[in-house]
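Both complexes below contain subunit A, partnered by subunit B and then by subunit C.
Up next is the complex of A and B:
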């Protein structure tokens, strides 16, 4: 119940500030353009390039959505209300995460119009990779948001929080390049941590349970760290 | 109801509280008084489980603040120095949110919000966005938030700061009213505030308790013997020395105007004044003003916190 209360309030304030609207507008414009330009050049009924690039836009956008989650509570001192209420840091973090994830799901749902368009003109559309691609996109979003929530617990400055999560997300993107640099077990180990290599597999229609577990563990780890960071504020 | 034992708090190397001991009984209003930076807020934050103490023990309503922190928080209402408000919310939805995280079921929540708003004078403002409220009304919303779950213990950090004189009186009366069913700790650096609301005062200076007593006792101790200020118009033939003889402790401070005199009289007993009064009327003196001088908490405070320094300087 308390988690839902936190989530509800957070969603409310998302739509009170212009941030949510601006992120939505920018994302939809870019994705719309991507859909059109990819279709016009390749003339193929596939959504893979659009979804791949959408993930990149989300990497830019998600720090903007997550940066205020805890930072703002710290800055406006409302954190004192939360931490002196009978509510645990884990519930606060989970509520904040869910609020942002719900917002993210709405954003993703808006792009479902493109496969529907395609289906209208190409009735024998291959739905497999599209469904697995969207599953991948949701898991990827959860991972992005969890990193952002963690970054937001570290500071009361939203810009710093955004920069920390942006930096971390880019790092987890380019880790995959290690396997080209070192063609040995070490390179493979590092690139296993890359969220994008795993996401790319979803786009190709491969629903590997290993990848699903990876995203789940990745998300839970960051949420756990965020909880500890919030607690440590109290004990520092 | 509230107990703190040997609480010490360090921020890095700075000692904010040192061996803090405090006991508050049920239904009491305790004032924490001290200059800025004395450790009032730190003490309150420790009690509300917002900050941990470096050492020592504390309990609220029988629950330890470390081991049963959630139970303690269920029984506490806390108004921090800056009211913890979400500016984009309406008063109603804000209080509803606070009720949700304070575990009030839907029906109770509605009823309590109605009751608290009425009591604090927020009824007409329930649909207003907090951002558009004045400082005084924001403070009220902060207080409403602290009262919402009808907590046993209320901790108010400078509840009247930033309010206009009328609002200050309203909030003070409200706090006095609340003491009937709540135990209250409030902090302030405004001295008249404690003498008007609090039964007992704890004076904090540099993280240590400098004095604990009732307001009355503290005042008495600071003035010592009864003192009066007298302004009178005396005939020219009047012999000042005779007054001094009559009351050996009388001090003639200064002549205010050519034809009136201002005295500050310090006597051993109140009854001594009767004799003096008779002498003065016999001498055809006309009284303009007779005022008993009471120590303000200001005096008390200065005496306690700077007493040692003064001795050293003297």
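Up next is the complex of A and C:
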């Protein structure tokens, strides 16, 4: 219940401010433009480029959504109130994460117009890769947000939190390149941490339990780190 | 001055411990990343130990202070907790990777290996090494790597390496690579090269046929190469010519050029035989497909003698409307297979206004079971019917029949023309009710004919150029060939060809999508946001 209360509070602060709508509109304009340009030039009945572009735009947008989650509480000194209240750091983190994830889901739901457009022009559209692509996009979003929440627990400066989050996400996005640089087990090990390589499988239409477990573990690990970072504020 | 000096001295041991830590981590990374250069890792480790000793000389209690202060213990506690959680995560991810469940969401399981490939991969009894030569980051290289990963998932005996010819010219030259995109498949001392044109099909730029699209045909090519390199044997299939049969190099509707291509990709050697003297003893399967003239007695005798030898097999497909008494009596006398002169009429063909079209039903057999399991179906055109009688020393199995709602039409031809109007009516006492046999397989035991096999089809159109691409026709005929040739590991469902789907997107549609997606939808969201904001302000 405490988690839900925090989530509700966060969602209200998101949706009652114009920021959420500005982010939504900006995201839709960019993704809509990319969807149109790819469709008009390639004339291919696939949403793979759109889902790929959407993921990259979300990589840029998610630090903006998550940067204020804890940083703002720290800056306004309300974090002390929260930490001294009968709410555990894990509940605070989970509540804020879920609120941001709901916001993210709304953002993703707004892109459902693109498959419908595609279906209108290609009635024999293969829905399989679209369904798996959206599943991948949700898992990827959860991973992005968890990193953002962690970054937000580290500092009271929102810009720094956004930069830490953005840097980390870009790093996890491009880790897959390591397998070409180090053609050995070390390179393979590093590239296994690449969120992009995992997400690419979903885009192709393949749902692999290994990838689902990876995203779940990735998200939970960062949320745990965020909890520990918040907890450490008590004794640091 | 003294205070400053004191401070410097008090800070140094801690810096030393930090550097030591960094050295230990660096040593680990060097060891993992450069296993051949263990000395560098040892030197770095040694440097770390020197820093620890130096720090302890400067401040003997430094280790105690660093490791046993309250804050440090809390940090250590956190780090341990984090390490445990990360460790659990790594173990779970590893289990998820090793014991994974994969579901291919694409229509027709486009990104899953075909049954045939999985069978070949799982039945590998020798190590197969594949080396692909692709520059980094190319779409073609990614497609090939994805495919190789799938093979690897199904067999521990399969390994692969992707080499960038630009970054590693020495290996590229050593392996005698002539073309970027070439793939080398090796097993023991055998080597088979797969070229780019075998993996990718690029449409002719001057051909304006909209159905001619770029395709990735890598799976078929690679599976064929693996079978080739592991078996080392190429079975020979020979098509009899000289009686008006379709040409194996022709690309007219009734020719067999496509079948020839598919057979070559299945690792067969395909030849043509004119029965004048003896049939080449290398031939494993003799194919008599849709002759328009009857065979001479002397030719029948040569065929009989050939089929008496060990592992010599026959595939015969006779179309409706051609009378071939010698050939038909040869099939009846030797195999108990009678080609009737009835025309198969399928109610489903009538419903779509194509009275000659037959949708046959598959019967359980080694040839047809893989198709049945995948719920695949076939299509025949102007098929006759087959009756059978059991012969001593032979085992006869039905492969395909016509549907329940079908019949064999007697005297469907009048003055050389099929009377389409008459086909619609079943004449009791004249026509024969279905289901009727359209394909049978015969195995003769060793006492009779060295264990040879024969397959008979009541239609030859289904594997001609005009129909072989329809439904699972290609699988049915190639499974039959593989079964006859004794290549049971190849009897399966063929790899699908990955095509890039295209849509007809007109300029007016483009304008509509642009207006709605780039302006309409975002403006709507902004409008909604504005209303919410204003309502909230008023509250």
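Convention: the second predicted complex is superposed on the first by the 233 of 236 C-alpha atoms of A that agree within 3 Å, B and C clash if a C-alpha of one lies under 4 Å from a C-alpha of the other, contacts with A are read in each partner's own complex, and residues count from 1 in each chain.
Everything below uses one rule, namely that contacts are C-beta pairs under 8 Å (C-beta built on N, C-alpha and C of every residue); 3 or more make two chains touch, one makes a residue touch a chain.
Computed from a prediction, not measured in an experiment: that's the story for all the values here.
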item	value
Joint occupancy of subunit A by subunit B and subunit C, clash or fit	fit
First (subunit B), second (subunit C), both or neither touched by A:66	neither
Which superposed partner A:128 touches (first subunit B, second subunit C, both, neither)	second
First (subunit B), second (subunit C), both or neither touched by A:5	first
Where the C-alpha centre of subunit A sits as vertex, the angle toward subunit B and subunit C in the overlay (nearest 10 degrees)	160
Partner, of subunit C and subunit B, that touches more residues belonging to subunit A	C
Touching partner for A:13 - first (subunit B), second (subunit C), both, neither	first
First (subunit B), second (subunit C), both or neither touched by A:35	second
Partner chain in contact with A:82 - subunit B first, subunit C second, else both or neither	first
Minimum C-alpha spacing, chains overlaid - subunit B and subunit C, in Å	8
Where subunit A meets both subunit C and subunit B, residue numbers	16-17, 235
Footprint of subunit A on subunit B - complex, ascending	48-52, 70-71, 73-74, 76, 78, 80, 82, 84-89, 93, 97-98, 100-103, 145
Subunit A residues touching subunit C - in the complex, by the definition given at the top	15-18, 20-22, 24-26, 28-29, 32-33, 35-36, 39-40, 43-46, 110, 113-114, 117-118, 121-122, 124, 126-129, 131-132, 180, 182, 184-186, 192, 204-214, 217-218, 220-221, 224-225, 228, 231-232, 235-236
Subunit A to subunit B touching residues, read off their complex	1-2, 4-6, 8-9, 12-13, 16-17, 76-88, 234-235
Touch list for subunit C against partner subunit A, complex	32-33, 35, 71, 74, 78, 81-82, 85-86, 89, 92-93, 95-97, 100-107, 110-111, 136-137, 146, 164, 500-505, 509-510, 513-514, 516-519, 521-523, 525-526, 528-530, 532-533, 536
